[in-house]
């Protein structure tokens, strides 16, 4: 019997859906094995249609994007109920992704920024989005905008994770193949990516590290053969799971960490702080500070993709 | 080099000759002293004897007003120097003092964070201007002039110097028992420095009004040691010491039957003399014990 | 009642833990707010531990190691220093005052100093007030509920009652 | 009833040490090892009723009145020689100040009558003008403390005046109100 | 097998029970997860206390142990042994320190009890996650390095050598002997110092088991207990030790002049030749001279060569260079001794300015019969002093310099009084704060001095001046001091003043301590393993201390400690093997991606990169378990055994929950 699948897009950019399409002709193999009943970006299938399904009727649901509003949460819970296997697809669903940078702000400050403060906004009446409003006598409703962006597993039970922003298409193929063949690893595993960090697949040469200056890619042309971190660029490769094929690094850009941390690492960004500070050269406080001054916006550099999954999760309010 | 200048009460009255000589010499050294507007008395030793916290408070008002300029405060008076530094020290070391002073200053619309360094003008001239500069400015030949440096007591008390919480300047800017910086300065002006032992002994200035005889005894010791070692004059850095040794010198003589005739001048007056300035520009004619004939002869190069 | 902060100490075995023991042997009294975890070297202390402690309810974290140059393992304390310098740079964006995480050098002979640091730090944290990361998270999440779900839950509760 | 002329514990004030100890700067006092460096360094040691070292042992033992009524505290000229040399870093001069204040407050400054008069007049002068006014200070002091000895001060006064070193008019700071507000606040705080 | 934790709460008499509500703590512990048994006892460390635990383990009631008592630094070893005896891996045990960091330092019973609970919960949670570790043993190299050839080093080296063990004795001066070689007499027995020291020096020089490296300095120490690698720099003497027979012709003819010490007019006081080629004193071991290149004419302008000419054995070699020698030892004894405090900063005592103000060491040399004054006490002008003041506590008991008491000054000061009275007809004043005559025969010596008409003045000298007030003070040194027992300030004119300068840690000690990874206290001396129960051991296994490197000591105490150190070494060597740290770091090769971040973190170079596997590997023999690499590892591939992330996380949760 053909398997039943669903794909959903929460708070994210849609890149993950594109990544699914980017498996190109292999999509035909997939279509042979599985019917996608629910995929809002590609087909019309209402939420109520999902509600009408049996619990556990989906064999597989790929949920991409973070949980940012009540609609995301509602659908996540619904899909969880209706599926046997729920996979967090992509960085946002996995560890919060870029949207979770919003956790350093509050709902209120974000709304104010977007609807009144930005330089391009003209909003003299101070109109703000309302959850409920009446237009021509009809009550309209918007999902509730959350204060805190959450990872998928902070809302529902997740079976597997496919990391990446976006995931490499081949990885999606691998993951789907595993599902089709019933060769799934233990629950909670990351599938379709490696077990070591990016350094393992990084082709650059590495030496012992002693960093005496932090640089930015816009200020230098890195040596193409040598480890970027050793050259003073903040590369999150050492704290990031391999699997992407060192895409950024091969184009000369340091890793920014979208594949998330390895098993057992509690906080990717904080771990990078520990690792990086360990190999900074100076010993005097002033000199240390001088080196650290080279890191522009350390918090968002280290936690670019993982704020929602960080230990403290958000800015204290 | 620009500093916030805190002259202190004496310099504005009994020690006006000190001020005159400072005005005469510091511009040539590249030192700019901007007087702290509306400064008040530091409290000296007397206020401390009546109410400690108020004494700190009036001192702190000066420090608070000076803080906004982010420059070192410079004072020519050793007593002001010690009192202001001590206020800083207590402010930074004792939270209860800091708290009270903070509240009191606030009542006056002021605030202080404890980060103003207070320095003596001698320290500035020696360490910021430098002796080479002094030597360069000296044009009058003074090598026959025997000068006894008198440091007095309060300038070298390192336990109150240094600034910031818990920070102590172990060394001050010279040794408490055997300071030599003014010796070096005298040599830099070209004059001959007299070695003698009493250079840091108390002159008794704070006792002169109340226990006069005791204070005069202390003066006698200093004058005698300087005279025995062939000093033509004594050079000092503190208005209180100068007044004691100068104005009370005739009284020492009458009380103990001595015949001291030793002019007591300010170190800035000596520098001025070395620079070739006239005694009148330097306020030297205001001395109670006038310049002696040998001294004048030396100045005239005879 | 005055707020009594919870402070977690991470002490290196050779200097700081020994110094803290010395305060005990000398019966020097200090605030009971600190509870210490012994590690072999301040170089073992990961910033992750600190974040974890803050998350679990610590209002302040004290890291203590050997004085520079005196590390039992030669240089572990410099690593602790550098990690601390970097960690401090991000704390405020989590709404955590950087002063809540303090690094001090305490030698094995400095029992008195250890006690003084603890007392001072306790006062400082007491003045800063509770950190309450978990409470704050809960507070932030309070609004993050699907309004429909909330309605359902409310009515559910009402029915049961 | 038995009789023996010794010092009985009941007449001593055993809180005196802690009274001094609890002042800012008074902390080191308990550490005194009675080495005598202070007394040996004091320019007035010889004329004091008790040289500084002994003051510390008297404080420790609780001889409150002996300390406060001694001339020692009034002979201290604040030269800080003792304090800078003390091997235990006791702020001796500051302790002397504290004793002066207690003595004045409790009316025990008999031997310091003149010094306390001078100090009080000085304070009055600063509170009035914000700065010291030497001429008025001396005049007031002589009137209050040494009216019969006024002539003694004339020669010095003249030497200053004739050399243009004695201004007759006081200088009042502009913002004297601010200074007074600060002082008033301290007064309130000290009362609490 | 599930975890069954036994929690044992110690009262420690009233030490803990007086401040911590034991009943409450016991009840609390009973409620913790995985705790199956809680017991309390008056003294857990006592035999019955230990048996209690052992029996519970043997009876199978528990398989993990938490003892809430004193500091692990105090009794961790004790209770680990209990576990081992009971058949339980010792790493399945944790101590909760509810004494040193709890009951002893807090006042409020309720809050102290709360804290004790938190510490116990932390220990319990951590213990659940602990893993058994296997003990590792390494062989012990029976050779010992002794650093410093003063009386401490000499004694330690001889004790070991006599026991048949090999010793390398490294001394930075040209001869062994140390300070003791400069003394004439020693207190309180007044033995001739040379008479008792010289035979020992000679035995060191001749002993087949002792390799003496004089004029040498330790440059580097690596490795670990039982297996240290040492590098020593043998400084060049410009004299070939194999050829030289110590005849003395060279220094007798040498035209160069060496200044033995800098300071004042007495800088030429010496107990040996003051020529540029010299031996430090006549009884030197080895009796091989050294050329002082700073003053040697040959080295200054190439115009001399007399020593080479007169040397019949052609031992002089101006081209000789320093040599680096590497060797291995199993244990190290630090015996670097002391140096005396330099009184120059105390300006009011006038040292360096006033000619007849001397330091103790100068006066010691002046008294030494083989010294340059032939043991005669002389002023700078060569005349005999008629009065001498001896000033105690110079640089000691003073917060500006050293806060501690130097312990030996009182006694050597009394010895000086005696020597002066014996040699010349002079008045002697002792200016002291407290006389500390605590050793065997010391009080008796003081008693004897009281009868020798020494004038004791209790008071720390305020000032020494040459400015006279009275006629009798002219040309004299005047001591100003409060005679505190009389209560008067006195001025005492004297011909000579001796400053009893305190003892301070030798300037080389900090470096040596760094090489051996032992800690220095704020007084500058080495911190011993335990002030009472471990006075010769240090916090680094295999490194021991003897003599004044630990604290100021007199000769009897130094010799006693040296023998103690050597016997500690012997007892270690005799075991032939030693257990070393099991709680090391290890790399999970499945996780390590070879990023090389950890490679530069290890101070012991225990982490190497395996090119073939592409991962980093820890050499556990070199690892000392600091855990720095684990904290720096970005992928969590390195774990610090016994201090794993999850264990510490559990501890954090526990400590904050109660």
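First chain written, first letter: the chains are A, B, C, D and E, and each begins at residue 1.
To be clear about the criterion, contacts are C-beta pairs under 8 Å (C-beta built on N, C-alpha and C of every residue); 3 or more make two chains touch, one makes a residue touch a chain.
This one's a predicted model, so the numbers in the text were calculated from it and none came from an experiment.
**Q** Can you list every chain in contact with both chain B and chain D?
**A** In this structure, the chains that contact chain D and also chain B are E.
**Q** Among the other chains, which touch chain A and chain D together?
**A** Common neighbours, chain A/chain D: E.
**Q** Have a look and report which chain pair racks up the highest count of C-beta pairs in contact.
**A** Chains joined by the most C-beta contact pairs: B-D.
**Q** State, to the nearest whole Å, the distance from the C-alpha centre of chain C to the C-alpha centre of chain E.
**A** So the centre of chain C lies 35 Å away from the centre of chain E.
**Q** At what distance in angstrom does the C-alpha mean of chain B lie from that of chain A?
**A** 69
**Q** Chain A to chain E: how many Å between their CA centres?
**A** Once rounded, the distance between the two centres reads 57 Å.
**Q** Return the distance between the CA-based centres of chain B and chain E, expressed in whole Å.
**A** Taking the mean C-alpha position of each chain, the two centres sit 47 Å apart.
**Q** Scan chain D for residues touching two or more other chains and write them down.
**A** Where chain D meets two or more other chains at a single residue, that happens at 85, 89.
**Q** Could you pull out the residues of chain B that touch at least 2 other chains?
**A** In chain B, residues 176-177 touch at least two other chains, as defined above.
**Q** Identify all positions of chain C at which a residue touches two or more other chains, and write them in rising order.
**A** Residues 46, 48, 52, 75, 79, 83 of chain C each touch two or more of the other chains.
**Q** Which two-chain combinations qualify as touching?
**A** Inter-chain contacts occur between A-C, A-E, B-D, B-E, C-E, D-E.
**Q** Write out the stretch or stretches of chain A touching chain E in their complex.
**A** 195-200, 206-210, 227, 237-239, 242, 262-266, 271-272, 274-275, 278-279
**Q** Which positions of chain E touch chain C when the two form their complex?
**A** Residues 71-74, 97, 99-102, 104-108, 111-112, 114-115, 118-119, 122, 514, 517, 519-523, 527, 539-540, 583, 601, 603-604, 624-628, 630-632, 640, 643, 645, 648-649, 651-653, 655-657.
**Q** For chain E, which residues are in contact with chain B within the complex?
**A** By the definition above, chain E touches chain B via 345-348, 463, 465-467.
**Q** So in the complex, the part of chain B that touches chain D is made up of which residues?
**A** 9-10, 12-17, 38-41, 43-54, 57-58, 60-61, 82, 90, 93-94, 96-97, 100, 103-110, 153-154, 156-159, 176-177, 200-202, 204-207, 209-212, 214-215, 218, 243, 247-248, 250-251, 285-288
**Q** Quick one: which bits of chain A touch chain C in the complex? Just the residue numbers, please.
**A** Residue list for chain A touching chain C: 70, 73-74, 104, 106-107, 131, 143-144, 146-148, 150, 266-267, 269-271, 273-274, 276-278, 280, 283, 285, 288-289, 292, 295, 298-299, 302-303, 310-317.
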